[in-house]
Amino acid sequence: MLGLAGLLTRRNLIFTLMSIEIMLNASGLAFVGAGARWAQPDGQVMFLFILAMAAAEVSVGLAFVLLFHKRQLALDVDAASEMRG
Amino acid sequence: MLQLLWLVVAIPVASATLLALFGSNLSRRVVAVLGAGSVGVAALITLLIGAVFLASPPMGNVYVQHLWTWMSSGGFTPEIAFYLDPVSLLMLLVVTFVGFLIHLYSVEYMHDDEGYARFFAYMNLFVASMITLVLANNLLLLYLGWEGVGLCSFLLIGFWYRDPQNVRAAAKAFIVTRFGDTAFAVGLLLLFTRLGTLDIQDAMHRAAMQWSTGSSIATAAAALLLGGAVAKSAQLPLQTWLPDAMAGPTPTSALIHAATMVTAGVYLIARTHVLFTLAPSIQFLVAIIGTVTMLLAAFSALAQRDMKRVLAYSTISQIGYMFLALGLGAWSAAMFHFMTHAFFKALLFLAAGVVIHAVHEQDLYRMGGLRKELRLAFWAFVIGGSALAGLPLITAGFFSKDLILWQSWAGPNGNAWFWAAGMTGALLTSLYTFRMILLAFYGPQQLHVRAKSGLAVRVSLVVLCSLSLVGGYVDTPPHFGGTPALSNFLNSVLPPLEEVHIGPITETMTVLSASTVFALGLWLAYLIFGPKRSRQPAQNLLEQLWLAGWGFDWLYDKLLVRPFQWIARKSAADPVDVPINGLAQVTVLGYRALRLTQTGQVRWYAAGLALGTAAILAIAFVAR
Amino acid sequence: MTTLFYLAGILAIVATLLAITQRHAVHALLYLIVSLLAVAVEFFVLGAPFVAALEIMIYAGAIMVLFVFVVMMLNIAEHAMEVERGSLKPRNWLGPALLALVLLGELVYCTATTRGTPSLTGVTGPKQVGEALFGNYWIGVELASLLLMAGLVGAFHLGRHRIAKEEKHHVTSTDATRTDTRSDLVHAGSGGTSHAA
Amino acid sequence: MSRTDFVALLPLMIVPATAVILMIAIAIRRNHKAVAVISLGGLVAAFGSLAFAASVLPRQVSAFFILDSYSFLYMAILLCAAAFVFLLAYDYLNRRQKHPEEFYLLVLLATTGAMVLVASRNFAAFFLGLELLSVALYALIAYVRAESISIEAGIKYLVLAASSSSVLLFGMALIYAESGSMELSQFTAAMIHSTGHANPFLVVTGLMLVLTGAGFKLAVVPFHLWTPDVYEGAPLPVTAFIASVSKGGMFALLLRWFHVNSGDITGVPGLVLSILAIASMLTGNLLALRQTNVKRILAYSSIAHMGYLLVALLAGGALGAPAATYYLTAYMVTILGAFGVMTALSGRQHEAMSLDSYRGLFWRRPLLAAAFTTMLFSLAGIPFTAGFLGKFYVLMAGASASRWVLLFTLIVSSTIGLFYYLRIVVVMYAQPEGAGETENPDDTRTLPVPLPATLALAALTGLVFLLGVYPILFWDTMVAVTRNLG
Amino acid sequence: MILLDLILILVTGGIASWIAARRSAMVARWITLASLLVNLILGIGIWIAHLGRSQSNPARWFVQCNFNWIPQFGIRIHLAIDGLSLALLLLTYFLGIMAVLSSWREIRERVGFFHFNLLWVLAGITGVFLAMDVFLFYLFWELMLVPMYFLIGIWGHERRIYAATKFFLFTQLSGLLMLIAIIALAILHHQSTGIFTFDYEQLLKTALSPRAARLLMIGFLAAFLVKLPAFPFHTWLPDAHTEAPTAGSVILAGLLLKTGAYGLIRFVLPLFPGPSRELAPILMSIGVAGILYGAVLAVGQTDLKRLVAYTSVSHMGFVLLGVFAGNEIALEGAVVQMISHGISTGALFILAGLLQERMHTREIAAMGGLWETMPALSGAGMVFAMASLGLPGLGDFVGEFLVLLGAYRANVPLTVVASLGLLAATLYGLRVAQNAFQGSNPHHWKLPDMLPREWMVLGLMMVGLLWIGLYPQPILNTVRPSLAAAQQSAFTQEIVRR
């Protein structure tokens, strides 16, 4: 939830990415909790997958950060609104 | 011989078609031959047919020529078929003969007009339509002729189309008569629905069998047909178009707006007299309309300055007489007056045409003293005028009008009021007729005569003069030892009138008073409009009102024309389109509103995502 | 145990809150790491020690370091800070906070209305996880490797643009060598993932 | 893993294997043509293996995949779509990109993701397939270096897709927490017993959250906001890919697990889906109404089309699933064709996006314009095109389920939609207004349409008509394939 | 098979002339003309072959052809022709030829594509008149739209795009409503019999609950009333007619509107007899409203083509009135009205086109006194204006009178109000006749009169109108069996004559 809030308020791309991580983390927590409830490993396995995904996500995301920074010299996501309407 | 009947229609139609298609490429001579000749041939054939008909009457005094079934649908099978009986024969004779004379006259009269061929095409078409109207054996075919003559009338009034005035007059004539036509059409619907046929004889027969006298259905049917007749014959309240119709060439006025077409209403009522007998209230209404129209039109004629308008109002007035006769049940009297009126009114118009042609002026107050130079026209006017005003014993008009006047008293529906009104009308007729003659032909000559009439004009005028004089002798009052030949001839179709009121007003007295009234009118006219009087048109209010035809035009303009134009103008942009365009606006509005959501900001989009999630969760909560 | 669970939970929340409200990126990251550590504790409490360890190692360790690296590298300009300051005003916070609250409320409501709380007993150790991972979920592992490969190739491609662009200004080196080094990188990456699989 | 399992998995393995081969090939030597040929070959091989593996159907491979005729059919469709994307992309990349090879690699990976989605049986497969698709797309969207809008689009997609994934995951976690099962069949169960006590509320909540995630991928209102920007920013072949493969894969999954064979979907999910469908149809069409950017128009129209698809999904019953399948196929063919034409028209630097660049197209390039017209008419649902029969089947399905409100919305909104399709058509047939004066080297009217694209466009146009005129070929298969769903 | 040929000839002819136009525009014109002539001859051939048969032979269809198409839903390519279809087809090809001839000179750009569209519209119309499978019918129904849309949108006048789009949207929306009704009907049939079919004759036997029947009928009505067009769904028509090129206007007014009426007769009456009876008064009122509304608005127009367009609204009101009056006379009248309106209004549009070609304006105010410079054209204009206002002896009168006659049996007050339409018709008829052709010539137009080709076109149309006006019997005989079939199911107990 906080991740979402962060996503909505922060304009810095890095913060945005961080917020996403928080959200993913929360989902992972939920999965692990659910797995624990049924005493199954599935939840943890799922968390691992989420982890992998988060890693991939972050790598691409950070690549975007670099690209974007190169272009805009700032990381304001609101500046990325050339397209609208 | 009778089988040739269809040619009477076909020949003018063919000629009209030829003239319409190739008229512009033909020489004037050929046009004249085609135009007048076709009607001449038609007249000849009519004469032949008439002779055969009289010599060896077909069975039941009726001859029917079936050509083909027009259409056949659900028991509705009107035919293209011609029905010849004494009434239609009489009509046919008058139409073709007077028509021919007028065509003959036009050959010369219209000679210098650029629309020569067009004129004859219209005229021929008119003759054909009129004959169709007369000969139709069913009401639908009659309606075809009815509309056909209306069309030709429209075309001919607007013949000189360059003048907007003429065009307006044409439109007015067409629209006003169309009012009546609509009523007529509804009448046809009613008749067919209730009687199952539009064949005139069958329908009349069935009506007489099925409907009781005075029943509402008969009344409605008669009223609707009357509507048609009133419009076509320029009776109250739809009389306003006829004076304006004088915008057409004078032969047109003579043929259509005096001799033939305008009497179609009279013919219609005579043809369907059974219906009117079944609806006494409507029949009485016919008489009232006739009387009132006759008087009002006569007053209007008294105040007109335009020679042709005088004649137009006179026509309205004279048809009022015929309606009076019809309303009283004096069917054959109406037909008789129709015939004589055709002669003398055609004569008057043609003569007026000569005058107008000669001086290029229609205003009576600008003419004067023309009797020396336009001798033939003058005499034609005198003879025609006398017939119109009813100069006793030697003119045709006297006999026919006398018959009506007498029957307005003596007939079963007659009474003193109608008689008195008729007498007043006769006085007025005499007055305005001689006013016209005095103003035009006496007094100081103001205008130079530019043209003399040729042979064709002379011939037709002379023939019509003689017909106006002797036409009355076909039906002379039996009370004075005459033989009502025409009435007898028509009796097989139109039942004769019983003479029930033999009271204080005898026929002798009628004749005498009619003669007196004629003389009185002549005298008054001489007093007021004689050569020694000042020639200033009177300016008082009453005369203004008369001049404007009692203000009917003004009333209709305010009551109907303007509101309609207003509606048409206001709605021209199609009000129904407004909500539809509104709908389009709403969608565009939706587009604009939704477009605002596409801010291009990723945070906003994420918010949208969250919002959406929240929303569907909320829905799930609520719906649980 | 339960106390620890909730304590760690509160800690995680507070740390996250601080993380997203920090103006400076590095500070925020530090808070985030704290939060992640707290979550790791949660995992542990929930009986998932293996995952807890991974959380600390990979998340708090590897991924966050990546973040820090990027932040350092870019050395975010002061001007961006100014922008951020504006966006941290209460007015800007209000809407998202409300929205988050609503969602939170909805979720709390629905979890609260369902019976029972997760049992905190029972430990699912690395062995079980490993068995599951390479038993039932082996395909998943393969897919995850593909996922990483996609991520790598993508990141590489995006990164290359930058390089290629810069190279334009520099002396042009041979295309071949560059391609070689890069494809090596790719190769190594994919090899790594396959290996993990 | 048995041999038959292996055989059944063959198609799913060939595609990523091709990707790996590509990677090696790229490492050895960069050659665009070779790479393209290899990738196409991979797709063809996968396609062939479908036929080969069809003999062992239906089969469940571990807890992950359910391989039956349904998933095979969709895989086939996806493979074809990917092949078309390659054909279209080849020249586009040739023209605009220095290093086009990774494109194929990423597309292959994304296709794999979509195929996984189609065949997935549990949450993990669903999630991984989805992520594979997304992650590959992040890079693909931003593939073209020079375009700042590309990067912008990539960032947007990344941020939003990741967020939606986490929501999706949370939803899955909730369902898992409640039911203790990772099976996707939980969805179906939830759909059927969505009301009453048999179904705990947590599951419904989870379902809604999953719907958010899925809805995001499909770009259903209100999760649609990203669509136009990403469509606009992404290179045309990628846009085509998103519109066809990505959505197709996701929808196939939804169709399989949300479809209820016994009748239409009722209760809370039914209500929510109906609202989403109605909102999508109206919003999508309204948003496109006066757009002037053709890519954005198509983006908005795709929102509406997903709404139509949801109608078929909601209709359920014996007709719903085949109707949805038919519609989806028709839509994929059409949208590929539409973007294909746009690709063919795009010059070295600029994509043919603005409406103005289509002015008078018909008089310059009649065939291309005719193809584009066909595609637009198909999108609008004019008879004798695929779109019409698709719509017809959807209407059939909806009518047999008596979903009148949905159908009327469909009709009204597709009338609104007609307006903007017509606008494009009008522009194409309008007089070219002296725009020809400014000749530049990038002028699209001089650009030849190369062979692969020509082939692809011809095939797509042919398919549009075939689907529109002679549906027996496909319909029977679709009915057979979807018979045992739900 | 010959029926399929009718469509295919047009389709291939269209393609051929498109291709040929690259070489020579003239060739394209001739190809178009030739394919239409062939179709006309084929049509006449069918007519002659079955002329005597129509009365006695119980078989309803003259020729049929029936192929399987989408068997899962029982959709078939089922074409059949009966008297009604035949009459309308002949009208189609006749007007088609007139349209081609009248645009001989008007269209100079993109000639091939123009004729392609023209022929394809006609192919669609042919299909509509022939299709006996409801689904197929819908396909053709839509197929008409697209080329028509192009005709208006490419070769139209100033506001062509607005008009074309409006036209398309209106008809498309209503068409989709009909499609839903068609589908629902098929599904109901499926539910009651277990067979999926879209075949017209099968669907006729579907048992429907009154409520369902009413709803379905409204779906069908939506499409047909919009196309007809009935008040208040007519607003697309003035725009489309006004903006279309001459040939487009001719086909729109002459043929496309007829498909609406045809649909009413062919589908609405037999498929939904109950509701047809129930809703008849409402529909008749709509018809009457259309008659008067169209007439009044026509009077107010300043644009000649727009004026004529509104007269179409008025005339088609008569058709609607006739169709739902519920007796043979009115129905036959409606058909005659359809045909003669096709010719008379088509002719008026051709006239307007000729005037526009010469004067480059459609404003009536800019005309006046044209008789002076173009007597022949003006004369022709007069004739057609008279036909349009319902002069006896010309086609429209027969139709209108029969309609009124039949309607009078069903509803007296409505009919009386409707006959006021005759009066209003006078007003607009005269407006055309007088304001354009008569009066003075204030703008001093000096224009060439009609060319022989134009003469031929208008002359043929005049002959056609006269023929219908004086001897409509062949048409009535041809269409009677079909109408009787449509009629019997709808109004079995004819209202007893009082």
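The first chain written gets the first letter, and so on, giving A, B, C, D and E; residue counts start at 1 in each chain.
Everything below uses one rule, namely that a residue touches a chain if its C-beta (ideal position, glycine included) is under 8 Å from a C-beta of that chain, and two chains touch if they have at least 3 such contacts.
Note that the coordinates shown come from a computational prediction; the quantities given were computed from them, not determined experimentally.
Traced through touching neighbours, the fewest hops from subunit D to subunit E number 1.
Centroid distances built from C-alpha atoms place B farthest away from subunit D.
No other two chains have as many C-beta pairs in contact as A-C. Summarising the inter-chain layout, the chain whose CA centre lies farthest from the centre of subunit A is B.
Inter-chain spacing, taken between the CA centroids of subunit B and subunit C, is 101 Å.
Averaged C-alpha coordinates give centres for subunit A and subunit C that are 6 Å from one another. A separation of 78 Å divides the Cα centre of subunit B from that of subunit D. The geometric centre of subunit B is 37 Å away from that of subunit E, both derived from CA atoms. Among all residues of subunit B, those that touch two or more other chains are 595, 598, 600, 602, 606-607, 610-611, 613, 617. Among all residues of subunit E, none touch two or more other chains.
Contacts with at least two other chains are made by residues 95-96, 99-100, 103, 106-107, 118, 137, 140, 144, 147, 150-151, 154-156, 158, 161, 165 of subunit C. Partner subunit B is touched in their complex by these residues of subunit D: 155-156, 159-160, 163-164, 167, 195, 201, 204-205, 208-209, 211-212, 215-216, 221-223, 225-226, 228-229, 267-268, 271-272, 275-276, 282-283, 286-287, 289-290, 416. By the touch criterion given at the top, residues 363, 377, 382-384, 388, 392, 395-396, 399-400, 407-408, 411-412, 414-415, 418-419, 422-423, 425-426, 429, 471-472, 475-476, 479 of subunit D touch subunit E in their complex.
Considering their complex, residues 70-73, 110, 135, 138-139, 142-143, 145-146, 149-150, 153-154, 161, 164-165, 168-169, 172-173, 176-177, 179-180, 183-184, 186-187, 190 of subunit E touch subunit D.
The part of subunit D that touches subunit C in the complex is made up of residues 16, 19-20, 23-24, 26-28, 30, 61-65, 98-99, 102, 105-106, 109-110, 112-113, 116, 124-125, 128-129, 131-132, 135-136, 138-140, 142-143, 145, 154, 174, 177-178, 200-202, 205. Residues of subunit A that touch subunit C in their complex: 1-6, 8-12, 14-15, 17-19, 21-22, 25, 29, 32-37, 39-45, 47-49, 51-60, 62-67, 69-70, 73-76.
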